[in-house]
């Protein structure tokens, strides 16, 4: 499995009155991390749009376990990789490490969709191209 | 000038480690307030898109003066109105009141744009329709 | 189980280039919904802080399943209730309905913590008071 | 004037249905840029707190002019410097450049505050230490 590390600097505005990261921010960052994982193997979102007509990769499930808090000034590293392929989708696993310690563990289930040929307002899940799977298998 | 009040409940995640609202949130809310102002006179964004082809009303300038902080649990009221019309744009004024006290005062300058007829990727400023001005004059 | 409905208006800035809600926003809103659930039974966060010394209720797990997208202009309703109690924590279940259709289903696992008596920088999980459980049992 | 460049990668979730950056995000980033400017001269927020007791540097005014939009996949550079000192505050100027083109120009007015000696819940503006000014004069 190909993995990629997305580094995030924890800013003042990411933290809440408990002085720790406000948890929805982690989901923003794992969303970013998935993008950068794809980009790291030459599959930029824009490229995917142009080449396969995929209109984003909508999320069907997102989950995080929060093991220890991160604070303003910390730098976290999100290690991401596609840990499961389904016919028309995939699961990205994310491990967030802060100063050598596992801080958050999570995943996103995403679907591979194109604009529906009969109705541009709808999306249609289609099989993930083999070359996309191969690129991310590492 | 027609005005509208947009009420916002200050949530935990809106506040930072200083235990006050993280200031970019106010810009989110005045953006929302402008939308609700238009909607309050029957000009929902969606209606505008359908009727005039306007693709949002891009911001050219946004400014806020922060007079007193708001905190988790507070309820603020944003009073908004179009205080100036230009040929192809307008300025929305916003006054945010918290428990009877003026907390933030700001404005947004926006442009009235359609998709450029020659290039759908570009925007083209066009005059604001008279009926739109009339509706917001109150 | 006592339930509470938190209503959210989907704003322009909540949506992404796919023209649907950017998914981390849902986690912001279920976090808010938990607060309003507690408040609806007379247990405002501030009250809890003053009465029990709890410093927020940190999240240990958050998960959502996204069943159908919501878009700018929609109004969603988040129905929340504590669906499980543990000795020093609880799980809040959330169901988000959009125009009568289940759009998102999720939960948050939270811990009941006070400032650690030996070190104000650390948190200490303690049993949830019986009266808090009772109030939320409905 | 000492300047610092804060680089930001425009992510999917930073953009709105018009496929451009949702403007409040720029205020998040100039807030971050100010922090990194101070840090670049050895004045990390944390250091300031420990050394001078300053509890953040609250904003009294924030303004941006938006000259051209940025989009998903772009990388922007925010050049920041303190362009004006007042007795108990300062103004940070920010210029955001995207692919060599000025995209946003803005500023923040901030106040130098400590916890009020008579009431820890209030803030008290005090003169900016000469060494802080000197460090940022470059």
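Here the chain labels run A, B, C and D in written order, and each chain numbers its own residues starting at 1.
Everything below uses one rule, namely that a contact is a pair of C-beta atoms (placed from the backbone, for glycine too) under 8 Å apart; a residue touches a chain by one contact, two chains touch by 3 or more.
Fair warning: this is a prediction, and the values are worked out from it, not measured in the lab.
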Longest centre-to-centre distance from subunit D, chain (CA-based): C
Higher-contact pair (C-beta pairs counted), B-D versus B-C: B-D
Chain centre separation in whole Å, for subunit D relative to subunit B (CA means): 23
Separation of mean Cα positions, subunit D and subunit C [Å, integer]: 32
Distance from the mean Cα position of subunit C to that of subunit B, given in whole angstrom: 29
Of all residues in subunit B, the ones touching two or more other chains: 12-13, 16-17, 22, 24, 28, 31, 56, 72
Residues on subunit C engaged by subunit D in the complex (per definition of touch): 12-13, 15-17, 19, 22, 24, 72
Subunit B residues within the subunit D interface of the complex: 16-18, 20, 22-25, 27-28, 31, 55-56, 58-67, 69
Parts of subunit C lying in touch with subunit B, wherever the complex brings them together: 9, 11-13, 28, 31-32, 35, 44-46, 56, 72-73
